[in-house]
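Multiple structures follow.
In what comes next, subunit A is part of two complexes: it sits with subunit B in the first one and with subunit C in the second one.
And then the complex of A and B:
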């Protein structure tokens, strides 16, 4: 099987500081209102027996990306060498088919109307660095890399790969 | 097929079909309304669907943090990121954080513009990690809210009309006025407010000393309060040994939001990962409490009752360390008798914590040999703050949890020679202390470690009461009283009466309309000084970009003003380079040598911690004029003879809130909920940074954390605008359903006043109808203060209704 890059999120380490989110916005210089990554807070229970956990997610770089399947212009593609789902914004006509197709609501649209999203910081990967969200995470809760390697890293915890028809390339602990 | 099906659903559900809309709009100018609607859909989907479908194992209920925070506006001012090859990386320090600093960054500069940050892993403070604020720095630097040139007031006070002047004109204007007032009223008529950024507070002290005024106005609600009480109870300030503890009690502390990249998060997460038990004592389940094994949802401001009851349990169940108590504690028998009335059942009524939980937590702490308490700011804002903190300190002591691995430790010392202090501590005299316009700590305990201090609120109070004398000039360098001190209306009244008000800051502040002179200063990305130290490490600050306006650094402002005042001999005659070299003399190098020889800083290393050094710890010399020890008996002051001598209760007691369920039950019918505020946030510093778009998008509105059932009973939906009314003021803020908060309590972040121009968000009113929590509390001097450590109360009773 070809190499597939993705993320591993150690949910119990996430402290909801939002560093990954803002690091992503700033590094990618996104338009205001655009978010390639998002930290969400998840509540459970009733007072005083309340639980709160959180997760940081972005594009899942699915093995079978629904966005790519519906793109009428071929602007979305999956890189053969690492499985990263990328957008050629010069080809995008802003039809938002991808937005409706993505089960996770990932695609974002800035001022130029074309689709944009996480590309796993391709420029940084090329320099041998980790994506900015992973680099900056004060809790080291985020990891990126080939899914097999992430699975090894996650083997000490009851981590699971997110399920779904598109086969998201994201592992989460617990 | 799937696309179409979903599209219909969205069309019905939202009234907007983004899909069809987009097809018809290709090539045309977009309408922001539609963009916004679309983006909200994105938000909703991205949150809910992801978790409900894909991560169902995580929990059933889903709330999206920051839901609705989509504000599409024009492109931000930050320059486009360029290819990495063209970027220059400059090692320096982040400047986005207030009280402490020292997180390293590699500032990325392209074509002379600061465009972003890269990690600086060699920096021992944060080891390449950074928080959200650090990443948003370029937006702060290039914000339209920046002050670009000095100004003097031309309109009425509060009107905000100014005229541009030069830096030299500003310095001359200030110096002339201060000289005039000094001759007419005496130098003590000047007060300087403590800054949010601590690294220049010693410069303010030096200016006050050279001018002749002891009146440094400290907030009276932060850090010094607990440091004072710990010093006068156990002889010094300890830290919780997260690395070795089996049990960590987070008590009113927020290790995540406050300097998250500096190690607090790593310590907490690592402790949790290796299986340490965690107890969190705080009114709401912030993310740190969410990690805890036990959450103790205490009512705001009632920690003293809880801690006294824990002492009761530990003493009556004989869970204390009898040998340590016999050898190293003073007044155990008095404490034992004293706490008999503070039963867990008594504390339950006040604190809202079940008696059984109080017993459980007390027993766990007392019987776990390696247990540490991390106590912080949450205990510094109530009338019994000093009592709460000394009760906790006493608990640490009698259970034998001091100065042992895994407990509360003094830690190791640094091998780095200390750079020279700018503070002129050696010049303090009793007469100097007696001149204080009011106290942060009572006169017999002045100066404390920061120097002589008056609480910031009392500085303003003197303007109105003219007792013991009125302050006639205030300099606010990085300090905004309206948005950060209780009693907003009274502060504004004082500002209207104040003769001369100078603001020194990098961007617009809440108090600026009242300023007579506004002095802009550079951000710390626009200057090459001062150096920063962190533990054993020191590094020169490097300039990232040239200043964007007609201004200098905070440090240069004080050198310039000091020199202009005629105090040049004490101010290196305005030569910042000479000054930096003087500070570094103990390290036997010049500032340029530090910069060039150690471009990524020098680590001197530290001495390993020594444990159980009780004779040394409990004989520490105080900072008072008499230099006597903090603990006259050479033992932990369970019974405090110094407090007794100064006319205060030698034993910790419970003092009621100004308003609260047990303090003023008669108010409950009209104001049934207890309100307090959060001191720290994940994205802002106190009343700063609301104007930074990337940060504002994370936390766009002032959210009142309210328990869902409490809200529903009032017909309030999640995200509704609500009116919050106390006996003293009102706010209009957004309700956020917050399952992790006491149903009888609501909480909100303090410091809301500023809008965000780039996001089209306006300022909030400063008083009633705004979002300023300070406007909600009492200013009755008999009720609002702790009698010893100021600790202005941030609790009141409120009613909440839909706006």
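And then the complex of A and C:
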């Protein structure tokens, strides 16, 4: 199987500080209001036994990206060498069809009208560094790399790969 | 600056205009192929209505995208033909050309111009129109169906993800198309056979309203019995925030009024000389058609944006020890 890069999120470590989001915005110079990475708050249980869990997610770099399938211009592609889903913004016409196809609402549109999203900090990966969100996370809740390596890392805990028809490349600790 | 991630009302206008243009052209082409030169005015009007409505729809769609000037270069921007948006763009392009040519050959002044350029092209105009009409029928039907398929193929938008949506939009496209042509016939057609045509169109409207009503009921009841998100959207439509638009706009203006107007015309309750009645019926039908696109679009958006789709994906993952 070809190498597939992705993320591993240790949810119990996340303190919901949003540093990953801010680091991502600063590193990738995204427009105000555009979020490549999002920290979500998930509420569970019933009063008075209520739980609140936070999880930091971005593009899932799915094995079968729904966005890529519907893109009319072919601007979205999946890199053969690492499975990272990338968008060629010079081809994108900003029709937002990919936003409606993505089950996670990942595609974002900035001031120039074209689609933008997480590319796993391709430039940093090329320099042998980790994505900015991973480097920044004060709790070390985020990890990035080949999914098999992430699975090994996660093997000390009960972790599971996100389920879904598009086969997201994201592992979550249980 | 407001960053836009969802589709706005412009897309509803486009879905409506695409359906309206396709529906009125299908009506016209069928009329021309069946009756030939008998209803010149109506054929000319319907040809232009098809080309102009679909063309306007395409412009509205362009106005909604982030990079209109990039999108308009079809052969560069719509290259992924497994995408329904790309397929649809080419269908629209073909329909505008074919409908437009049909309309040109149906307009005396323009045929005169064509004759000046190349005489044989103009003298065989009726043959061209027959050929264009036959070719245009599947292309325009494709446009009507495609407006629903565009939304229907998206697997993670439960309120849209059903083959019943293209069926519903196609029924509405035919309904609004026949409605528009019927309105024109009542207003302007001066052929000796206008009475027969008028009755035939009104009868067709009644049948199409019945079909659309049945498909709409089927669609909503399927959604109500579907997934949580689909049921929530259906409830939003029938009993929630947008239910006034649905009951007054879609059911009232789009189905009930055109049906009653057609009934009044056929039964002779309304005087044939009172042109205003069929015109009101046509206008009401068009407003209802637009409302249908708007309601379906809005209900699908709302549900997915407010629903915990992430939670669904994460189902089975325990976050708390």
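Quick notes on this structure:
By our rule, the second predicted complex is superposed on the first by the 171 of 174 C-alpha atoms of A that agree within 3 Å, B and C clash if a C-alpha of one lies under 4 Å from a C-alpha of the other, contacts with A are read in each partner's own complex, and residues count from 1 in each chain.
As a working rule, a contact is a pair of C-beta atoms (placed from the backbone, for glycine too) under 8 Å apart; a residue touches a chain by one contact, two chains touch by 3 or more.
Predicted model only: the values in this text are computed from it and were never measured.
Once chain A of one complex is fitted onto chain A of the other, the partner contacts of A:114 are limited to subunit C, with no touch recorded for subunit B. In the superposition on chain A, contact of A:72 is made with subunit C only, not with subunit B. Of the two partners, subunit B and subunit C, it is B that touches more residues of subunit A. Of the two partner chains placed by superposition, only subunit B is touched by A:15; subunit C is not.
When the two complexes are overlaid on their common chain A, residue A:92 makes contact with subunit C while staying clear of subunit B. With the contact threshold set out at the top, residues 11-12, 31, 33-34, 40, 42, 44, 51, 53, 55, 57, 66, 70, 93-97, 99-101, 103-105, 107-109, 111, 113, 160, 162-164, 168, 172, 174 of subunit A are in contact with subunit B in one structure and with subunit C in the other.
Residues 1, 3-7, 64-68, 70-71, 76-80, 82-86, 89, 151, 153-157, 304-305, 308-311, 313-321 of subunit C are the ones that touch subunit A when the two sit in their complex. Residue ranges on subunit B touching subunit A, taken from their complex, read 2-3, 6-7, 10, 18-19, 22-23, 25-26, 30, 35-36, 38-39, 41-47, 49-51, 53-55, 57-65, 70-76, 78, 80-81, 84, 115-117, 119, 126, 128-136, 138-139, 256-257, 260-261, 265-266, 268-269, 272-273, 285, 287-288, 290-291, 295, 297, 682-683, 693-695, 697-698, 707, 739-743, 758-759.
Interface of subunit A with subunit B (complex): residues 11-13, 15-19, 21-23, 25-29, 31-35, 38-48, 50-55, 57, 66, 70, 93-97, 99-101, 103-109, 111, 113, 123, 127, 135-141, 160, 162-164, 168, 172, 174. Against subunit C, the residues of subunit A that register as touching in their complex are 11-12, 31, 33-34, 40, 42, 44, 51, 53, 55, 57, 66, 69-74, 91-97, 99-105, 107-114, 160, 162-165, 168, 172, 174.
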